[in-house]
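Here subunit A shows up in two complexes: once beside subunit B, once beside subunit C.
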Partner chain A sequence: MSGLTLFYTAFTYIAIAIFLYGFLTRIWKYATTPSPLKIPLTPAPVQPAGAVYRIIQEVGFFKSLFYSNRIIWLAGYLFHLALAIVLIKHARFFFASTPVAFHWITTFEIWIGFIMLLPLLLLFLLRLVIDRTYYISIMMDYLILVLLMGIAVTGILTKYFVRTDIVSVKQFVMGLVQVRPEALPADPIFIIHFTLVMLLLIYFPFSKLMHAGGIFFSPTRNQVDDPRELRHETAWAAKG
Partner chain B sequence: MAETTAVKTGMPAPPKKAEDEIPQLTGLIPKPKIVRGTAAHYKAYVAKPEIQEKLDFPGSLVDNWEEAAVRRLGELLEKYKSLQVYLDICVRCGSCTDKCHYFIGTKDPKNMPVARQDLLRKVYRKYFTLEGKVLGSLVGAIGFDLELLAEWYSYFHQCSQCRRCSLYCPYGIDTAEISMAAREIMDSIGMGQKYTNEIIGKVHEIGNNLGLNPKALANSLENVEEEIEEDTGAPVKLPLDVEDADILLVTPSADFFALPHVESLIGYAKVFHQAGVNWTLSSTASEAGNFGMFIGSYDQMKKVALRVRQAILELRPKRLVVGECGHAWRIAYSFWNTLIGPFDMLDPKYPRPQHICEFTLDLINRGALELDKSANDEFVVTFHDSCNVARASRMGDRPGGQFDIPREVIKAVVNRYVDMEEDAIKERTFCCGGGGGLLTDELLDLRIKGAYPKVQALRNIMDTHEVNFMALICAICKAQFTKVLPKFNIPMTVAGGVHQLVGRAVVLGAKE
Partner chain C sequence: MKMRAIIAFLAFLIVLTLPFLVSAGSGNILQSVQAPEIELPDPELGECVEDVSYMRANHMVLLKEERERAVRHGERGDYSLSNCFSCHTNITTFCKRCHDYAGVKPGCFEIEEGCHYAPTSND
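Up next, the complex of A and B:
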C-alpha cells in the first residue's frame, strides 16, 4: 500500500473524528445551555406542534429570508437544495449496489453540480456588490464560498471532464467504512476534491457553518408562546 | 490617558453636526447607502459612581476591565442559550442589514443589526472560539481594547431592543439579546448608562421610574379625580391601596401625570367605573415599567418585578391588570410568571396578568360599556404597534391577538380608523425610536433618526387619509412621539393613548 493511501486513510479518519466530536459537542452545548426566559418572536405558535412546524418552514424553505430578501433567498435556497441532493447522491459510494430508495436521485445528472456552483458564485458577487454586505463580510465569508466552489468545480470535473473511475472510488470508500484500507484512486482531481471536503469537515464545527445545527436551537423560533399558561423555570434562574 | 478619562466619564454633549439634520420625509421609507461614522458621536451619558453603586455595580471602569468583561461574557454564555447560539451561527447573509430603524435613520453601517452584533462577536471569537484563537483577524477576532469598548458603549446604546431584525433573520437571531448581554457586561465593569440605571435606582428607593412617593402619588390621583368630576360631573374614583379589590391595576408611573399619558389613566378609570368593578392602584407597585430588562440584568429585573408580587400579597386583589406600556407588557406577559409567579392567589378564570385592552374589549363585547363613538368624530385614527407588544408578547388566546385586540377596542370607540402601510405595522412595525433605555435628552438627535421610518409611514397615511390621531399603548412611545413629531412638523397632539379615545367615548352613568 502506498504512503499516500496510508496518509489519506489516516487523514480521513481524523477529519471525520474532528467533525463528529466538534459537531456533537457544539450541539450538546446548544441543547444544554438554559433559556431562563420565554423569548419567542411573536406572533408565535401557542402549541408545541406549531413550534415544530415553524422550524420546519425555516429549515425547509428559509421562510423568514424569503420575506426579507428575495435575491439572497433564491441564491441561498438553490445552493442548499443542490447541496442536499448532492449529499444524497454521494450515498451511493457507501453501498455495494445503489438501493432502490436512491434511484430517483440519479435522475439529477451532472447539472446539479452547476446548480450548486452558480448560486455560490452569485452569493460571492452579492457580498461584493451590495454595500451593506460588503461592509459586514469578513475574509472567512469569502474563503468558505471559495472552498465550496472548489468542491463543486472539482466534483463536476471528476464526473464530466476527467471521468474518475467510480469503481475505484467506491472501493476506497468501502475500505474506509469497513476499516480495511483500499488504494486511494490515483486521480489528482479526485484527490483535490476529496481533500477539500475533508477540510470543510474539519473546519465545520468551529465556524458559522454550525448554523446547520444551531437553527434548531434558536429560542426566538423554537419556543412556544405560552408563558401565562405554563410557568417557565430553569435551574439557575430559580435559585436567584 | 485622555481616552481613558473620556470613556470613564462619558462624553460631554456633542456639538451639533451636519449629520444631525432632521431626515426629509419623501414619501418612501428608504434603503440608504451606508455612510461610515455618522452615528459614532451619539453617546448616552455614563452613570456616575453613586448611581452604579445603588445597583451593586462597580462605580467606574475597573482596572482590569478587559479581563473582567471577558469573564462576565463567559458566565453569560453559560446562562443564555440565545447568546451562545446567536454568537455562533450568524452567516452574515445580510438579510437584517436594512431592517433597523437606526440604520435607516443614521445610515451608519454599525447600526446594521449584524454589525452591531459583530461588535460583541469580535470579542467572543477572540477569547472563546478555536477559530478565533487560531485564525485571528481572518475570522474577525479582535482583542478587547478601549477603542472597541467606546464603540460598544456608543452602538449598544443605539439599539432599542425592538427585535425587528430578528423577524427577518433566517435563524431568528435577536440583536436585542446581544445588546442586553453587552450592557450587562458593561455594567459589570463599571460602564453603566446613566439614564437607565438612575431610574432603576429610583424604583428600588421610591417605587417608580418618576420618583413619585406615595404621598405625591395620592395627591396626583386626587387631582385627576377632580379633573374628571369637573369635566363630566361624575364621581369617578382612582382608588389607591385598597385591600381585597377585584382588580389591581399596575401601570407606568408616567400615567399619573405626564401628558398625554394621564388621558389614558382617565380612560381606564372611566372603564372601571362604568363596569362597576372594585379596583385599586398600589403605592408599592406604582410602576409597570421595568428597566432591568434594558440592561439585560435578570437580578435587577426580578427585584423590580418583586414589588408587584409584594403588592398582590399586601392587597389581595383577585385579578391583575396592566396599563398601556410596551416593554412593561412584554415583562408582565412573558416574564412575570417566571420571575414572580406562580399567581395561584389570583382568580384562574382570567389571564394572569391581563392587558387593559383585553379587559376593555371583553367589557365591550359583553355590552357592559355604553359608548358614544361620535365623541371622537374629530379624529381619523391610526394605530402604532409597539415593538415589545407586537414581537414579544400576545393578547387574547390566538397568535396575533396583540394586533387585533387594540384595533378592535379603537374601532369600538371611533368612527374612522385606517391602518398604516403593511411594512410598518403589526409584526413588521418600526420602533418609535425611544425604546430600550434611549429615551433620554442627550440622545434626542438619535431618537429623531430612529423615529424617522415610523414617522414617514404616519406622514403617508396623514396625507392620503387625513389621519390626525395615532393611538399608542406604550408610555415610552407616547413620550417619544410627543417630543419628536414636532421636529417633523407634525403636531404633538397627533400622539395619544388608546384609552384616551376610550375615555372620551365612555358615556358615564348610562348603565348605572
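Up next, the complex of A and C:
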C-alpha cells in the first residue's frame, strides 16, 4: 500500500469522525436547548400535524425564503435540488449494490453538476454586487461557496472532461466503507475532488452549513400555536 | 423532552452513517469490495484500439462520438461497436460485470433502451 493511500485512508476516517462527532453533538445541543416560550411565527398551525406540514414546506420548498427573496430562492433551491440528486447518484459508490430505489435517478442524464455549479456562482455574485449582502458577508460565507464550487467543478471534470475510472473509485470508497482499505485511484482530479469533500466534511459542523440539521429545531417554525389550550411548560421550569 | 431529543439524535445518526450500516448489515462484506474479474479476450487477437487505462475511463466517449460520426455523417472508423464485438464477444462476462458493480447501465443495447443486440455467445 502506497504512502498516499495510507495518508488518504487515515485522513478520510479522521474527517468522517470530526464530521459525525461535530454534527451529532450540535444536533444534541439543538434538541436539548429549552424553549421556554411559545414563539411560533404567525399565522401558525394550531395542530401538531400542521407544524409538521410547515416544516415539510420549509425543508422541501424553502417557503419563507420564497416569500422574502425570489432570486436567492431560485438559486438556492436549484442548488439544493441538484445537490440532492448528485448525492443520490453518488450512492453507487457507497453501497455494494446500488439500492433499487435509486436506479431511476441514474437513467436520466442532465448534466446535473452544472445545475449545481451555476446557482453557486450566482449566489457568490449576489453577495458581491448587492450592497447590503456585501456588507454583512464575512470571509466564511465566500469560503463555503468557493469550496462547493471547487467540488462541483472537479466533479464535473471527472464525469465529463477528464474522465476517471469509476470502478477503481468504487473499489477505493467501498474499501473505506467496509474498513478494509484499498488503493487510492491515481487520478489527480479525483484526488482533488475527494480532498475538497473531506475538507467540507471537517468544516461542516463548525459552519452555517449546520442549517441542514438546525432547520428542524427552529422554534418559530416547529411550534404549535396552542398556548391557550395547553399550558406550555419546559422541563426545567415545571414545578415539582 | 429528553425522549424527543434522543429520537432526533438517533434519526440523524442513522441517516449520516447509512452506508456503513447497510454495508455491515447486508452480510456481503467479504466479497463486494474488490472490483469484479472480467473475462479478457484472446491476446492473439491483438491490441485494443486504445490502452487499458484510457479505455476503462473513456470507452463510452469513443462509442458515443463514433455513433455521431457514423449515424449523422456516415463516416465509420475503428471505434465502432461491431469492431469491439470482434474481440469482446460476451456482454455478461465483459461489459456487465463492471457495469453492475458500479451501478451503471450500458447504454448500447436493446434491453437497456439502446439500439444494438448484445453479444451473448463466447464462440
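Note that the second predicted complex is superposed on the first by the 229 of 240 C-alpha atoms of A that agree within 3 Å, B and C clash if a C-alpha of one lies under 4 Å from a C-alpha of the other, contacts with A are read in each partner's own complex, and residues count from 1 in each chain.
Criterion: a contact is a pair of C-beta atoms (placed from the backbone, for glycine too) under 8 Å apart; a residue touches a chain by one contact, two chains touch by 3 or more.
This one's a predicted model, so the numbers in the text were calculated from it and none came from an experiment.
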Discussion item. Both complexes share subunit A, so when I overlay them there, do subunit B and subunit C fit or clash?
Written reply: fit
Discussion item. Looking at A:Ser68 after the superposition, I want to know if it touches subunit B, subunit C, both of them or none. Which is it: first, second, both, neither?
Written reply: first
Worksheet item: Between the C-alpha centres of subunit B and subunit C, what angle is opened at the C-alpha centre of subunit A, expressed to the nearest 10°?
Response: 160
Worksheet item: Between subunit B (first) and subunit C (second), which does A:Thr5 come into contact with in this model arrangement: first, second, both, or neither?
Response: neither
Worksheet item: Which partner does A:Gln171 reach: the first (subunit B), the second (subunit C), both, or neither?
Response: second
Practice prompt. Return first, second, both or neither, reflecting whether A:His232 touches subunit B, subunit C, both chains, or no partner chain.
Written response: first
Worksheet item: Should A:Trp28 be classified as contacting the first partner (subunit B), the second (subunit C), both, or neither?
Response: second
Discussion item. For A:Gln57 in the superposed arrangement: first (subunit B), second (subunit C), both or neither?
Written reply: neither
Worksheet item: Which of the two partners, first being subunit B and second being subunit C, lies in contact with A:Pro36: first, second, both, or neither?
Response: first
Worksheet item: First (subunit B), second (subunit C), both or neither: which does A:Met139 touch?
Response: first
Discussion item. I want to verify the contact counts: of subunit B and subunit C, which reaches more residues of subunit A?
Written reply: B
Worksheet entry | Distance of closest approach, subunit C and subunit B, by C-alpha atoms in Å | 12
Item to complete: Mind sorting out which residues of subunit A both subunit B and subunit C touch, each in its own complex?
Response: 30, 217
Worksheet item: Of all residues in subunit B, which touch subunit A in the complex?
Response: 33-34, 77-82, 84-86, 88-99, 109, 112, 114-115, 118, 129-131, 135, 137-140, 163, 166-174, 177, 298-299, 302, 333-335, 337-338, 341-342, 351-353, 390-394, 397-400, 402-403, 427
Fill in: subunit A residues touching subunit C - in the complex, by the definition given at the top
19-20, 23-24, 27-28, 30-32, 91-92, 94-98, 102-103, 106-107, 163-168, 170-171, 174-175, 177-178, 180, 182, 213, 216-217, 234-235
Worksheet entry | Touch list for subunit A against partner subunit B, complex | 26, 29-30, 33-39, 41-46, 58, 62, 64-65, 67-69, 72, 76, 126-127, 130-133, 135-141, 143, 203, 206-208, 210-211, 214-215, 217-221, 225, 227-228, 230-233, 236-237, 240
Worksheet item: For subunit C, which residues count as touching subunit A in their complex?
Response: 1-2, 4-5, 8-9, 12-13, 16-20, 22-23, 26, 28-29, 32-35, 53, 56-58, 61, 98, 100-105
